[in-house]
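Both of the next two complexes hold subunit A, though its partner changes from subunit B to subunit C.
Showing the complex of A and B:
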């Protein structure tokens, strides 16, 4: 397989009850690039995203078939295989949601919480890594003086960058973003866009987006979803 | 037609009546117990032992008895309820959770006397034979059954509180690689904490106020229990026992002291829950 491909989706079907949401989806998603999934609402874009970190497992009455191969540490792995530990997968594949969803705790703890999940408690290390993640998410300068304030006091754009920082702290190889700017004003959206472009260096990004302008500005590869089918719309020469 | 206005009046009347019952109860108890408040008698009743032979009619043993039985009941019911409600919320959502929840809801409707009955015929002999001491009617037996009795209410409280934690918090933690146990410990329980404390306080009120279990299973000896296998008498059971056998004596008057004490406890618990509900969500 091509070494610059990070995710290879092979004949993916997704059923919700009797409804077929994804219909024989096949795609290759390039590494260290931003891949945008576009298309009208309700066509299965978000569903496809949740198949990539298996968040779809939690929903009752769903059925998935096919393969989603991901390239981790030089090896291809089918992440839909039943023996894949979900917590391991989700530490490799981070996710940012449409509406910012900080947990009801301080800014610092929102990020440190993720380290706690992996059993990292040593205070100096945790403090360093939280600061690093906030810096990578372009948030550090705005919150350094109020790390211990409730995260919900931040503006919408700041909350979303906090959620990105939280997803980045474990250094995921893939970051899924479900319309990350749709609940933000255009200025906050621009900050996030430049952040995504910077993240591309170390991460493979898969983003659902409704905004044509945004897709044109940031995406290296555009896939269109319609009625459960996915097709390649555009791929830039650099990938 | 003024049907709506009539309905409004009727409902208002019902509301005023039920609210005034709470106040009237207190007024009634204070009036009947008025002789107790003269000359420090009330305090003496609360602190003295119960020795009718020496004309000492104190309810101190019953206060200790109530606390012992209720604390044991809570020690049994709290972990049990937290476990079962976590099972419903996290471990086995869907059909199993629904089944467990229905069973628990059904248990809240079983008459107390049935629990007492089961206790007398199953647990009392078991306790008697296991520990080879006493009659089996003791703090341990009453506390265990009372714990089982209050657990269903507590479980429903806890699982409602857990279910009210916003789904976005849970999904956020899951997407960050939290295991189901971590979601429970770090997200759901902290998020539901206020509801859990409310359930705990109200259930404690229920355990303290329950009469029948203590009456049937604790042995009713008017003594300060020295251990779990000792017989004890709860305040509520004391009222029931005295009221059935006596009237208009000092002995009889002690039950008003018990009543006022129980009322005060319930009121304190209710106020505590209200205040808890009013406080904003703390930052953790």
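Showing the complex of A and C:
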């Protein structure tokens, strides 16, 4: 397999009840790049994302078959294998949803919460890492003075960047984004776009997007989803 | 802006129903106040014992409602303390872990349990008491603990179902937030789902408190008596307000005695209100604590 490939999807089928949502999906997703998945609504784009961190397991009545290979620490691993610990996988593969979903607590705690989930309680470390994550998500300068305010007082764009910071604090190798700018105005969307371009250095990004312009601006690789089938639309020369 | 006729009609009916309900509650409380207020007095509660002496448990109260108040209070607190952990755990199982046929069968079972008349639960408690009496050298009689256990059994299905419903009603977005961040199932339940579901769970606890406080059939068969003084231990018989009300209303000798029954009902309502407030307070503090712990 190609060394710069991060995710390799092999004959992935997904059923919801009796409906086939993903139909023999095969794809390779390059490392340290932004891969956009485009296509009309209701074609299974978001479903494909949830197969990549197995969040689809949390929904009753779903069935997945095929293989999703991911390249972690020099080894290929099938993340659909039943013995993969889900919390471990989701710490490697972060996810940001379409609508910002901060928890009803302070800005600081929203990010620190994730560290506590992994058993990290030492105060100075936690404070440092929260600050780093907020900085990586272009949010630190805006919130440094009000870290202990309720996260729901932030604007929509800030909330979404907080969610990205929250996903970044565990240093995931892959970040999944489900239409991250669709609930934001264009200005807030632009900030997120430049953030994504900056994140590409250390992370593999997979993004569902509806916006053609956005895809043209940020994506290194574009996959199109239609009726449960995925095909490569464009791949820039650099990857 | 004029609403379509059907909308106005529905609005009217909704308002009417709300008013009717409020009026019924007001009528019940008002009726009790009119009938019972005149006999509400320290003498009714403490008899001839000085109130401070009685409250500090220095001297027993004869001919007052104090022992019945303490009996009802301890009974409710005990039954709820026994039932809430079990109900919560079973509700969490039903909402988060149970799947398929077993979960549906258990749901049906809990619904049947919720429909069991309290007199049957009382008979069950009584049989347990008789069984224990026979097998433990005749030292166990119907008592506070057996009543509390039977009441806990009676309210368990409400607690299970409200916990389950409160958890299941949480939107998918809330449900998936923490797992997407690497939370295990248990972490998700403890840190995100339960704090969010607390208000719903509280309504189940309040329902259960009310049910425990008012039930007469169960306690009549499992340990309540007309005169026992303050409950001495978990294994002693006790007095309780609903039983007093029942007893007075069926065997009163004069109108004054009947009026003490109404007064007892007022006191019972007050105790319930106090317990509801305590439950709400605990829920609030617990919610804040759960969020702070993170």
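Points worth noting:
Here is the rule we go by: the second predicted complex is superposed on the first by the 239 of 239 C-alpha atoms of A that agree within 3 Å, B and C clash if a C-alpha of one lies under 4 Å from a C-alpha of the other, contacts with A are read in each partner's own complex, and residues count from 1 in each chain.
One rule holds in what follows: a residue touches a chain if its C-beta (ideal position, glycine included) is under 8 Å from a C-beta of that chain, and two chains touch if they have at least 3 such contacts.
All figures in this text were calculated on a predicted structure; none of them were measured in a lab.
With the two structures aligned on subunit A, subunit B clashes with subunit C. By the document's definition of touching, both partners, subunit B and subunit C, reach A:113. When both complexes are overlaid on chain A, the residue A:104 reaches subunit B and subunit C alike. Residue contacts after overlaying the shared chain place A:51 against neither subunit B nor subunit C. Contacts of A:164 after superposition: neither subunit B nor subunit C is touched.
In the superposition on chain A, contact is made by A:150 with subunit B only, not with subunit C. The contact surfaces that subunit B and subunit C form on subunit A in the two complexes overlap at residues 53, 55, 58, 60, 86-88, 90-91, 94-95, 97, 99, 101, 103-105, 109, 113-114, 116-118, 166-167, 170. Contact residues of subunit A toward subunit B in the complex are 53, 55, 58, 60, 86-91, 94-95, 97, 99, 101-106, 109, 113-114, 116-118, 149-150, 163, 166-167, 170. Remark: subunit B residues 93-94, 168-169, 171-179, 182, 186-187, 190-191, 281, 283-284 touch subunit A in the complex.
The part of subunit A that touches subunit C in the complex is made up of residues 53, 55, 58-60, 86-88, 90-91, 94-95, 97, 99, 101, 103-105, 109, 112-114, 116-118, 166-167, 170.
Residues of subunit C that touch subunit A in their complex: 99, 172-184, 187, 191-192, 291, 294.
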